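Every chain is named by a letter (A, B, C and D) in the order it is written, and numbering of its residues begins at 1.
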Amino acid sequence: MDDKKCIIMTSNSKSGPGDAGRTGSWRVERPVIDLKKCTPAKRQKASCYLCWLYCPDGVISKELEPQINLEYCKGCGICAQECPTSAIEMVEETRLIEEERKINEKN
Amino acid sequence: MNKQVTNPVNLTAEEFMHPGNRACSGCGLSTLYRIGLKALGRDSIFVVPPSCLTVMQGLYPIAATQIPCLNVTFASTAAAASGVRAALKVRKKENTKVVAWAGDGGTSDIGIQSLSAAIERGEDFLYICYDNEAYMNTGVQRSGTTPQGTITTNTPIKGKIQKNKDLPKIIAAHNPTYVATCSAAYPLDFYNKIIKAISLKGMKYIHIHTPCPSGWGIAERLSITVGKMAVNAGLYDLYEVENGKKTLSGPSSKLLQKKELPRVAEYLKIQSRFRALSEQQIAEIQAEIDTKWEGYRQEVG
Amino acid sequence: MSSEITRIRWHGRGGQGAITAAKIVAKAAFDSGYEGIVMVPSFGTERRGAPVSTSLKISKTKINDLSPTENPDIVVVLDHLILDEVDVTAGLKEGGLLVLNSPRKLEDYQFKNIKLAIADVTGLSSEVGLKKGIVNSGIIGVLAKAVDLVKMSVLAKGIEAEFVGKKPEENAKSALLAYERTEMGEM
Amino acid sequence: MKRIESGNVAAALGVKLAKTQVVAAYPITPQTPLTEKLSELIEAGELEAEYITVESEHSALAVCIGAASAGARAFTATSANGLLYMSEQVHWAAGARLPLVMCVVNRGVGAPWTVWNDHQDSISQRDAGWIQIYVNDHQEIIDTVIKAFRLAETVSIPVMVCYDGYYLSHTHMPFDVPDENKVDTFLPAYSYKHTLNPESPENLNTVTMPFARPDRDGVNKPGYMDIRHNLQQELRTSIPVFEEIDTAYKAIFGRGGSPILSAYKCEGADFIVAAMGSLSNRIKDIVDELNLEGLKIGVLSVHLYRPFPQAQIIAALQDAKGVIVIEKALSYGNQGALFGDIKAALYPCIKRPFAHSYIIGLGGREIKKADLYDAIKESCTTSETFEDTSRWIGLNR
C-alpha cells in the first residue's frame, strides 16, 4: 500500500540515557561515601540501600559497596540527607575537581 | 500474613528509567516515577499530558523511559487512556497495563472532566496523579490543589486565598475500584499500592503528595524529609478506599497510636512558599489537623 | 425534471408518526421502481406534541433538490385539529389533493380548487384493535385510495415490515380499512 | 443491496463495513443518529467494536487518538460546536499522523445557536492538516467512508468526511450498500507505523526542538518544522493516492471515478458554478434550465477540499470565461473560503476566468431556487472580472 512511499514523520522517541546530557555537570556538591560507615559495606551484606531507593535519578548502585555514577548524579544530596548512618557527605564540587586536577598533574 | 514485605533489599535492581534525564535536582516525582516503573514493569503503556513528566521522559528523539508512552493534550488524559484500553481489548492484549500519569493541574483542573467520565464508565486502567500542589512545569502557578496561603507566581504576595480541592475525596465519591493516597517520601508504600491496584479490575486512582524543591522553596536534599514531615504531622494522610471504605494505611496508620503528632508549623516553616502564613493561620491549620485526627481515633475506638 | 416529481407534504404532531408514514410510502415507492425518492423530515428541534411536517418527493429519476417542498401536489394531515393551527394548504397546487384524518364529513369542509380525501382514521384504528392515537398506518390507506402512486398491496406489506413487533397485522388492516372507507370529493 | 435510509444511517453502515474497532460517541445534532445507529449495530452484534460513550467531543477524539495509537481502527463523528470543542485534538491527530476517520455532519456554529446546515464548522478546521472530503448524496457518503479508511491508513493522515446536516443526514434516499466480502478485499487490516508496543517502546508526540537533534545512536532526527513539512508534503501526495484508491474502488463496486472534483456539463462550458456538498447537486437543476435558455454552463463539485487540488482546479476552470463560487462558509473578515482558494489556484494561469462569489444558506437559511437562478444568471451576463468580496444571497428573509 505504501507505493507512494510516505515517510510518515512523527515525534517518536526511542529509549536511551542522557536525554539532558551528562547531568553530572549540574552538581554543585558531590556525594562522597564513607564505606566505613555505610551499612552494607561495613557488614558486607545486602542491607539498607535507602540511598539507592530515594535517589531520584537512579545513579546509586545496589552493591555491597554502593557506587555513585558521577556522570549523571545531579548532586541533590537526598542520599546524604536520608542515610541513616550519615555515611555520605556532600563535598563542594569545585574543590574536588581542583584536587583531582592536581593529582592528574602529578601523575 | 506470610506475604514478603517489599524493602530496598528485595526490590528489583532493574531500572526502567534512564539517568541523565531532565528532572530537576532533588525532584520528588523522579523518585516516584523510578520506583513506580519497577512496580508496573515493562508490559505497560503510559498516557501522559503536559507536565513535568513530559519533560522528564525526554525530548525527541530520546526517551528517558523504557515504557511506551503516548503524550496527549492537557485535558484528555483519561479519555486517551480509555482509547488505548479499548484498542488493547480488541487486539486481545488485555494483560498490558494502561497507566495515565498526570500532575495536579492536569488532574484536578483541566483533566477532571475526562477523568470523572472515565471512572463513571468503569474503565480499566490506573490513573496516577502526582500532586506537587501547583503548576510546576510552567513555573509554579496556583492549581486547584494548591493549599490556602501558598505563595505561587500568580499568588505572589498574599498567597492563595482559597482552600485546596480534596481531589482523592472527589475521586472516591465516584466509587472507583480503588483509591489510594501516597507520598513521594514513602516510595515503598507507593510501590505496594501500585502492586495492589494493578491486581484489580476497573478504575484505580493513586494520588501522591510530591515535594518539589523549586516550587516549594526547600533545599534539594530535603524533598524526602519534607514529604515525611507532612505525613507525620498528620497534614497529608495516606489511606486507601475500597468499596466506599476509607482506611489509613502505611505510615499514617502508625500515627493512630501516637498521642500527639509533630506540630505542622515545623513543616510549614521549612518551606518558603508558606512565608505569607500568619501565626493565626498556622494555628488554624493545626486545629483542623487536630480535629481530623481526633475523628480518626474515635473511629478506630 | 421537476414536472415528473410528485411532492407530498405531511403534517402531524411530534410523536404521531408522520415521518414513519412518509418513510413507509417512500420505501414502497422505491420497491415499486421509482429511483428518485427523497424524504425530508422537518429540520430542527422536534418536540412531542408540536406540529411537524415532512416532505416526500417521488420521481422515476434521481432528485437533486433536497429542500423541503414548498409547492406540494399532495398534503397529508394526520390530525384534523392541526387545520386550526397550521395553514396546511399553503402552496398546495391548484387542483391538488388534501388527504385528511377527520371524524367530520366532506361537506363540513370548504376548500377551494382542491380534491379532498377524508376518513376517520382515529375511529377505525381503534376498531381494528390499535391503541388510541395510532393513525400513521391508517392515513396511508386514505392516500393510496386518493392517488395512484403505489399499490395498496405494496403499502400494506411495507406497513407490516415497519411495525414488526408492534401489531403489524392490525396496522396493515387499519390502512386497508381506511382505504375502503375513504370519501373523495372535489371543491 | 439497495436500501432507503437517512444519510446518517448510510454513514453508520459504511463504518460498519469498514470493520471499525473503536467508536467514540458524544451526541450533537444533527450527527447524533449516526452514532446511535452504531450503538445499535454494536449491541446487536453486527459490528464487533468497543463503543465508548464519552463526556465531550474533546474526549471523543482523545479516545480515537488513544485507540489508533494503540493499534485499532477508530471512528467518531461530530457537528458544529462539537468539532470546534475538539479542535485542539483535530490538530493533534494530524500532527501525530493518526489514520482516523471522522464524519462531520455540517452545521452552522454558534453564537447565536443554530442547529441547521452550513459549512462553517469543517471549513474553520481546514488548516488543521486533515484530509477533508465533501460528499453530495447518500451513495457518496457510504462509499466515501469506506474509501476514507483506506486513504487515511495509506498516507497516515486523518480524514474528515463532511456531509450536510439535515439535507443529507436526516433525508431518506435510496443507496446501494456494498457487499461485505468485497469491502474486506478492498480495505486491508488497520496499521499504524508507531503503534504503542511494550516490546519496542516508543515515546510518542514528545516535546520536539526547533532544530534537528541526534538520537541515541548519533543519527540526526528532524525538528518540529521538518515534521510539519513532511505532513504538508504527504498531504500533497494523498491527492494521487486518493485517485488510485477511487480507481480500485470503482473496479470492485462500479461506482466512483471523480473523487477530487466532479464536473457536470463543464465540457466546453463558458461558465462554471463551483460548490460543495448537496448544494452542488441542486445547482445541476438550475444549470439544466440555463442550458435550455442557451447559456453554456456547468457545475464543478469540489469533493476534496484539503489538500486543495490546485492542478485539477486549474484544468477544470482555466478555459472558462467565468467561475461562480456559491458556498455556505467564509473566512470572516475576508471572503468565501472556497472562493479565495479557487482564485489563488487560478493565479498562475495566463488567461484567467472571472470569479464571482456568493454566500448562501448560512444557519439553514432557505436556499430558494429563484435566488440561485438569478445569481448565476446575473454573473453570466455581467461578466465582471475578479471580485474580492462575496455577495450574500437571501438576506433578510
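In the analysis below, a residue touches a chain if its C-beta (ideal position, glycine included) is under 8 Å from a C-beta of that chain, and two chains touch if they have at least 3 such contacts.
All values derive from a computational prediction rather than experimental measurement.
Here A-B and A-D were compared by C-beta pairs in contact; the pair with more is A-B.
Taking the mean Cα position of each chain as its centre, A sits at the greatest distance from chain C. With each centre defined as the average position of its C-alpha atoms, the distance from chain B to chain C rounds to 64 Å. With centres taken as mean Cα positions, chain B sits 25 Å from chain A. Once the centre of each chain is set as its mean CA position, chain A and chain D turn out to be 54 Å apart. In this assembly, the C-alpha centroid of chain A lies 83 Å from the C-alpha centroid of chain C. Annotation for chain D: residues touching 2 or more other chains are 201-208, 215-216.
Among the residues of chain B, those touching two or more other chains are numbered 57-63, 65-66. The set of chain A residues that touch two or more partner chains comprises 11-17. Residues 2, 4, 29, 115-117, 164, 166-168, 170-174, 278, 281-282, 284-285, 288, 364, 366-367, 369 of chain D are the ones that touch chain C when the two sit in their complex.
Contacts from chain B toward chain A in the complex involve residues 8-9, 11, 13, 15, 17-23, 25-28, 30-31, 34-35, 57-66, 187-188, 213, 219-225. Partner chain D is touched in their complex by these residues of chain A: 1-2, 4, 6-17.
Residues 1-2, 23, 26-27, 30, 35, 37-41, 43-45, 64-67 of chain C are the ones touching chain D in the complex. Residues of chain D that touch chain A in their complex: 95-97, 150, 153-156, 188, 193-194, 201-208, 215-216, 222, 224, 226-227, 230-231, 234, 237, 240-241.
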